[in-house]
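Think of it as A, B, C and D in the order they're written, each chain with its own count starting at 1.
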């Protein structure tokens, strides 16, 4: 008898544990067998009965969402957008009360009345074990639908706010990624690498295992095997001027200690965390850790791509552009149309010097003078590093002759340098005036015709002032 | 030369690392040496420069707060209350716009305008390593000041909302506490135990180490050595009717497997997390884990205190009370005034039966009939377990003859039983009607005169309906 | 001043820590710079000064051995063989004293006098951090030299005895290998797999990651990233008759739980641990763990190769063999000479049945009747499993059509079954009489002409008695 | 049907797993229920069937030994002593063969014939999970019986040899003990502390938790919660001259970094590992680790007890002693008989100077001149540190006024100093000539009359030569 009871007890428990959870669900939620709809479950979760069976409902709902078709998920997002809204009458009442008599109390009531129930909804959804990762995945799905359905933007705004709170830097854990890391994480590194593709496990090993290579990632405790962002670092003896010197296996023969930490790839991993910035925290933490562990390091630089340079060059060359390009330079640049130009440039064929000079000049203009509509540099990667307080250190000709490198940037790569003595100053100048910190070498590559007025009178300035007011605030999430 | 640079570089870094952080702080924040004020730092943190030096400012501010006097901290809380408010003009504008034309967009603007900057403030404060624990500690300090300064309640409301988000159950980790647990955590268990005091390490060992004793706690990844809540469990062969049978060292001689898991102590640990409920999740998780690991378990009960019973008895006996007490019972209860009554009752002295009958009758009334202003049971612990779906299983006479047990409850303890087959039903009935689930045995102890009308006509009901409408929602945080 | 001292102190320490250790070495050990010879260091290690500087000497010696040429290492082994011997005069004296008066004391002296100083030598060598792995590597080198230099066998015997003591099963740790395992270990699994080659990381993942695949390995605490032996297991619904059904990705569509654990690959990893048996312990431990974790399992079998079957068939077919083969079978078997036989057999071409019958008959003879010189089964893998108490359950035709499978066993694979109810009986019968436990099905495949006398009179026996006395003792280390 | 089989299968397995193991044992081992005798099991373990059921037999035997009475265990030890011996006839044959023709082969046969079967017995016993700790415990029991039964010494010799192999330094793991250490280990620290008693958990915390206190222990992977030896360290600003300055809670007010690591307690934990030395390895490892982690450390010293000083003083004062003591000193020393002498000395009562001078003079003699029969220093602790290469740095008057400190050493404690620059030299001099390295200060406290001849002629020597030949070899295991 007791046996029977226990079996039933255990089975019920197991039903719950086995993530089916229906044993714990209010019976009313189920029509036909398995017929609980996503919307019914969503309403149940919000109903307030949640405390007793909330975990089970949340789990059940997440399971249904995982099995759902794209169309069903879209319906779910629309339900969130349309139905999980503050009660308009309550908002209106509270707004009127506040206008009548602004006070702590009427403000609190207004905040409460206008508080989005979606925040509470996702908070309850997160009760289930493993929910956080699934919520992040939901958002990456949601983002894809926004273009076609603007009303979903409000759902996304709530979700971004919630995830910003949950993924606060204080909750992130920095972990070194190396050859002792579980394969389940390493395969994510291969998959998420967004800058210089990792070609399988041998290539991965070459980037992680040698004692002069490092990789670090931020993790969140609730996303066990999922890196949020990672950076790959090479410990070298000088600032590299081409990606090949970082990625190939060659090393100096002697054992002299490394002096230069080169950040050559930073990749964000989670589309569902779009808009939440980790990169600046990651870089600073890694700089601190490396400086402590490798006493010989003196220099911290990147070797970064220039993702929109080629597109910008096209526009600059187009008629109507206000980018000043001399006829000679224009002539030299026309070689770029010949796909063989790289080969020939590598052989230093006639005309190479001219092409290099023209292209580097344009590059200097691209970084130092050109601005997008928001009066900030055109280049996403530049915005990220300059916003962090780095300075543009060097332009590297023919640094990435890969198909992607040529297509995006005519082979150009650049170094940004993190010099602790000027990080704060650079950041402030960039944030308030849009000033781009750049080395004298880079500034000297700017063609005279392009120099903004007055520049020649302040030859010792390290940084170029922007042409106007940059908006302050968080740099957008970008990738080097 | 390079050496010199590096030394300076490393020193600056170390300054930052060593949590002094001033090297990274905008110079303007400092007047005289060490003279950066809490308010100046707080404004700097909110200023938006935060991205470059936010971590350092947050760390510096937390350090200053730790060193601050109680008065200085109060000033800080007042600064938060007064200065970190939404801009009233913006709120008013947005309120008017919404009233003029309620839409997704005007709602979003209203939400944004009325959004409390304190939430952002604490989010930035949490950038610093170890900040979460310090913020929780700040709140436990803040709570103490609210009584004397009502304006701080708004700060607390923001903080509670934020901590509710951060300490979502999905982020909590259940860990077993046993004799393999680090001493740094064990001493917290001794310190935080709130129900049956732990008298030193030997007493602790008796509760953790034997194979028929368990202890589980919830932890948050950002509060490394700090349990949030923990429960102590005894695996027994029957439902115990006195705390001594749980706490003393005696055991049955044979090796028969345990059938009954007894939750005899649940303690919340962090005053700074007041109002954020973990107990129901903890109990459910532990029931699941125990049922899986100890196959012989069939029954899950508590042995719980009745913290406000004695106080309620006093009021019931006072003139003007509407609790019906017969003259004979009143006579029997008068013995409680004699401090020796326990001794005599233990010896079964004349009059003991009468006292027991009277007291148990009152206890049944206390649980089944009496209600507080919110129309829920008077007893905090009862609210917690009944709200979780448990049923009141047994009243135990002379179950806790300790000084505290006598003072608070005339020695009474009770068992609540978690029976999976009825948890959901009990919870729903309690949430919607205030119905108290109770065993027939408990109901039969209710004196006839006290029974609500109609009760005798439904002898098979397991639960007593409440006398009115209970408010639905989360049970208050309570301790057994 | 103090500063100076400390710098020097720290430098000396670092010198030691940096595994150069010369600072701690007796000066006499060094002639010219770096000129400490392996022999000089070896003598120093044995000299008894060892207690003060033993760790440093051991580390230095191991470093030198790592850098040594093959010839230098051979010299080192010869030094061990020739010079690290018991003193012959002492041995002779002790032998005489024992013969004069055998007693506890004279025996103890004889043991001491004849005790090999090499055991003490390796014990001291193992003082250095990381030494154990290097000693194991040394032995795998030593073993290669034995063939050409018999005197080294004595060194190997000592080393085997020592490693047998160090790698006692009580010190081994069983760890599951899965997709959470560090890459540094996984690449060893790929490298060491000796039965069915693992073709890269994707293939590895298919063997480790699915929830119906398992892999377990023994580790020794002193060999951190080095598995000693590992077994790959498939959880299936029936005993497989071909390796393809294990290795390909297909699965049953429904979710019915697995009933059969199939051990399809066991690989020893360390040549330096040759002769030290782990396989039987590993299998038993894994059977226990799986039976506990996967409640639906009822059957534990292998799918094993038959590594010397093809070679034995060649001998059986040769003139002078005493294996009875009918003319028809001989005719059928001649098809094996045509490399296309597999293809045709797969298509069930004419003659396939005859070939199968002949080959299976020979296989039954190979396992049940044929014996090697030591009167045990010819097959190494069979010796291992039969010695462990398994029974030969089934012969599988065309089970491994890989190049290796055809070359070694004409495609034959077999299942051994571990049936707890008869493990002990099978083991004892095998150990004492050489009896081969086999299923009735296998026995029935034995051609009548080949059956040993009297067999037909005991049709119910599960096992065939051997033809004579098997030597008892540890089965040799073998691989399935 | 399959169900039934599985239940039985699982039950059998569980029987084995539950360490009862009888299901796997050869039936012949059991007479009546539970009646398997220790001797029968021991013989079964040695019988060679061991491979199939060895683990189960070993576990069963260990269980029986744990339940056995002291008398039964003694019988077991006698069985090992008497029955598990090499076969005398085989030994005699092999001895004769060796004498006839000494060669590698005859030597190997002699080694094999005289090899103690007890080594193999314990190797097999160690197959069971957790066996190593139980074998160590067995030896601590065995050691107690040796005095009364000399034949057991041979068993102990085998066991010591085996444990020396198993507990090789290469297998030990150094772990820091602090407030994060599991309570199960910390309570062992309290229990095993052998020098300055730890009075409960608060006292323990004072020794482990402050940032200027350290504790390190060696562990063996097979003895999970059992430290083998541990050392307590105080990081101070000068070499302490009394134990109170180490143990009390007072600290300097400023934050100046520590310069001096003081080893004030080393305790061996396992009686069963008697004779196996860990102390020297522990000290060296800890010195290395501390020097690396705490850059400000310049000095490594002990504050050590002098355990047999008082006993030696009694003998020195007795008639017939050859220790030269002047009449005045003898008079001063007579005060020691008055129990109040310490109090008075603390108050600097008249006569204190004379007493101090006399006692310190004797102490210098005790360390520098007195020798035991083996021509080494009388003091066990001195032997340990001097053998490790330390030098006697200072004699501390009234350094330990505890009851034990007065009883054993009239309050005397000493500092030994580990100076890397002279460790090797000191060790060699001590090992070969018995020379005691001592500071000039200590040497100057030697009374002129006691100085060995010629000493005055070599005032610059740091060390006193011994009076004869010390035996070289491992210092005995001693405790400071």
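The definition used in the following text is that contacts are C-beta pairs under 8 Å (C-beta built on N, C-alpha and C of every residue); 3 or more make two chains touch, one makes a residue touch a chain.
These are the chains along with the protein names UniProt gives them: A, B, C, D = Malonyl-CoA decarboxylase.
Because the structure is a prediction, the values reported are computed rather than measured.
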Review point. In the touch network of chains, how many steps separate chain A from chain D on the shortest route?
Key: 2
**Study point:** Of C-D and A-C, whichever chain pair has more C-beta contact pairs
**Key:** C-D
Practice item. Would you kindly say which chain has the C-alpha centre located farthest from the C-alpha centre of chain B? Key: C
Practice item. Averaging only over C-alpha atoms, locate the centres of chain B and chain C and give their separation in whole Å. Key: 58
Exercise for review: For chain A and chain C, let me know how many angstrom lie between their CA-based centres, rounded off.
Suggested key: 50
Practice item. Could you put a whole-Å number on the gap between the CA centroids of chain C and chain D? Key: 39
Revision key, fill the gap. So chain C residues touching two or more other chains come to none
Review point. Between which chains does touch occur?
Key: A-B, A-C, B-D, C-D
Study note, to complete from the structure: Touching chain A in the complex, chain B uses residues 2, 5-6, 8-10, 12-14, 16-17, 24, 26, 48-49, 51-53, 55, 85-86, 88, 91-92, 95-96, 98-99, 102, 104, 107-108, 110-111, 114-116, 123, 126-129, 131-132, 151, 154, 157, 162, 164-166, 168-171, 173, 221-222, 259, 277, 280-281, 284, 287-288, 291-292, 295-298, 387-389, 420-421, 423-424, 427-428, 431, 472-475
Check your understanding: Contact residues on chain B for chain D in the complex?
Key -> 179-184, 186, 200-201, 205, 225
